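Take a look at the following structure, please.
The letters A, B, C and D name the chains in turn, as written, and every chain counts its residues from 1.
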Amino acid sequence: MSTASEMLRTYPKDLGGIDQAKLSECIAACIECAQACTACADACLSEDMVAELTKCIRTNLDCADLCAATANVLSRHTGYDANLTRATLEACRSACASCAEECESHADMHEHCRICAAACRRCEQACAELLASL
Amino acid sequence: MSTASEMLRTYPKDLGGIDQAKLSECIAACIECAQACTACADACLSEDMVAELTKCIRTNLDCADLCAATANVLSRHTGYDANLTRATLEACRSACASCAEECESHADMHEHCRICAAACRRCEQACAELLASL
Amino acid sequence: MSTASEMLRTYPKDLGGIDQAKLSECIAACIECAQACTACADACLSEDMVAELTKCIRTNLDCADLCAATANVLSRHTGYDANLTRATLEACRSACASCAEECESHADMHEHCRICAAACRRCEQACAELLASL
Amino acid sequence: MSTASEMLRTYPKDLGGIDQAKLSECIAACIECAQACTACADACLSEDMVAELTKCIRTNLDCADLCAATANVLSRHTGYDANLTRATLEACRSACASCAEECESHADMHEHCRICAAACRRCEQACAELLASL
């Protein structure tokens, strides 16, 4: 069991009707994606053709910021606010979709973009599934 | 002229049709609100009646995370993505509205909540105006 | 292989003499600890005895911020600056040690503190080992 | 009076012997520097000669992360831990010094680097003064 799942399990009050498996998966996906995007931005910076990767770097940085914020929001359960959770997940899903698309367009040439794109798609999917379950 | 405005002025490429005054104001409002919320969460923690302020602390922390992420997204202009900017601003506006409402309900008793609520309302308004101008 | 390790493996330039296993482990430990601390702060907020956990919540929040920043710094390799990496790891180790100590003092009563303390100790150890290898 | 100073003024408990003017200035400097670095990284990305600015972008991103974390740590006063504050300020000062030096080397060519370097030097100085006063 991951630490994130353990923290969820030991939360002292009722978690409400939320789907804990989907929540736990979405937190893990956000965290993984934030790190992958931070690393992909840096890997792009070190490519000789960095000038052709500037949009990718920018999208990576936005996606990392939104995934990190979303992981934090999802890790809190006290005084739950469904509207805020929904708006945050929508923004995160949008960032992941943009970043996945951008990274996929470089995936043939840059393996870090391929791996990052996959992390973005997993996170986009996890956000969509959690949104659908709210 | 603030440093954020100076950074905007010296961006080397075209900023597109964006309203620079509204953009600059929104960045400043996000940054101010993120700090106020971080400090308000901590001030609430030090109140004797902290047990009645737990929802306020949680909302403060969410709002701080979203304002910080939004300030970052708005500070980038390379490879601008209107959809992502919009979704981010919506989430930030939602967080600011929730936090303002919560802090306002404690404003009579706690001056830090009154000041924080005002920062949240300014940021909510700045997000709304920037959204309307996109 | 974790996504963080895969991103390390696909970095396009030389990583220098750094111990990749220790680096990869430290990134993972920072990310895990940041999430655990964010969740532990929130779990403490929901305890009936929150008034006795305010120092724990504050330390959790500091530790989460420093672990997140450290994970980001360690995920970048372009233009590596050993002094900055060292100072960042020192701050993170200090935060993890403080938070572990604080959480351990509540571990008998609160399982989330016990789990969080273990994540802090793992991260403190990973920072120390990476520091020793630099 | 800035919002950060107002939040400091309305903190409900004793702030200890800390120099409030220096603290308030350091919070403001960290926040300003974090935003300037985020914007400078993006401005560098949009320069035609981005390939010569990759170390600058990386240092900007590290500095932004550390300044943001430091602003958060300094905005909290509950359960104050002098060791952690000191280690955090040391890391922030180190990041600001590195970033200032890097940006200064491009300041003649890129106005955004000149403005960002000045923000980094202000923050480096504010951290040093707060450290000296602790």
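Keep this in mind: a residue touches a chain if its C-beta (ideal position, glycine included) is under 8 Å from a C-beta of that chain, and two chains touch if they have at least 3 such contacts.
In UniProt terms the chains read A, B, C, D = Four-helix bundle copper-binding protein.
Just so we're clear, the structure is a prediction, and the values are computed from it rather than from any experiment.
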*Computing the C-alpha centre of each chain, which chain sits at the greatest distance from chain D?*
A
_Chain copies touching (chain B, chain C) - same or different residues, decided at half shared_ = same
_I'd like to know which pair from B-D, C-D or A-D copies the A-C interface, where a copy means over half of the contact pairs are the same by residue number._
B-D
*Could you tell me the distance, in whole angstrom, between the mean C-alpha positions of chain B and chain C?*
27
*asked:* Distance between chain A and chain B based on Cα centroids, please, to the nearest Å.
replied: 21
*Set of chain B residues in contact with two or more other chains*: 42, 45-46, 54, 57-58, 61, 68, 72, 76, 78
_Taking the touch rule as given, give the residues of chain B at its contact with chain C in the complex, in rising order._
41-42, 45-46, 48, 50-51, 54, 57-58, 61
*Report the residues of chain B in contact with chain D in the complex, numbered from low to high.*
3-4, 6-8, 10-13, 27, 31-32, 35-36, 38-40, 42-43, 45-47, 64, 68, 71-72, 75-78, 110-112, 115-116, 119
*asked:* Help me check something: in the complex, which residues belonging to chain D touch chain C?
replied: 54-59, 61-62, 65-66, 68-69, 72-73, 76, 78-79, 81, 83-84, 87-88, 90-91, 94-95, 98
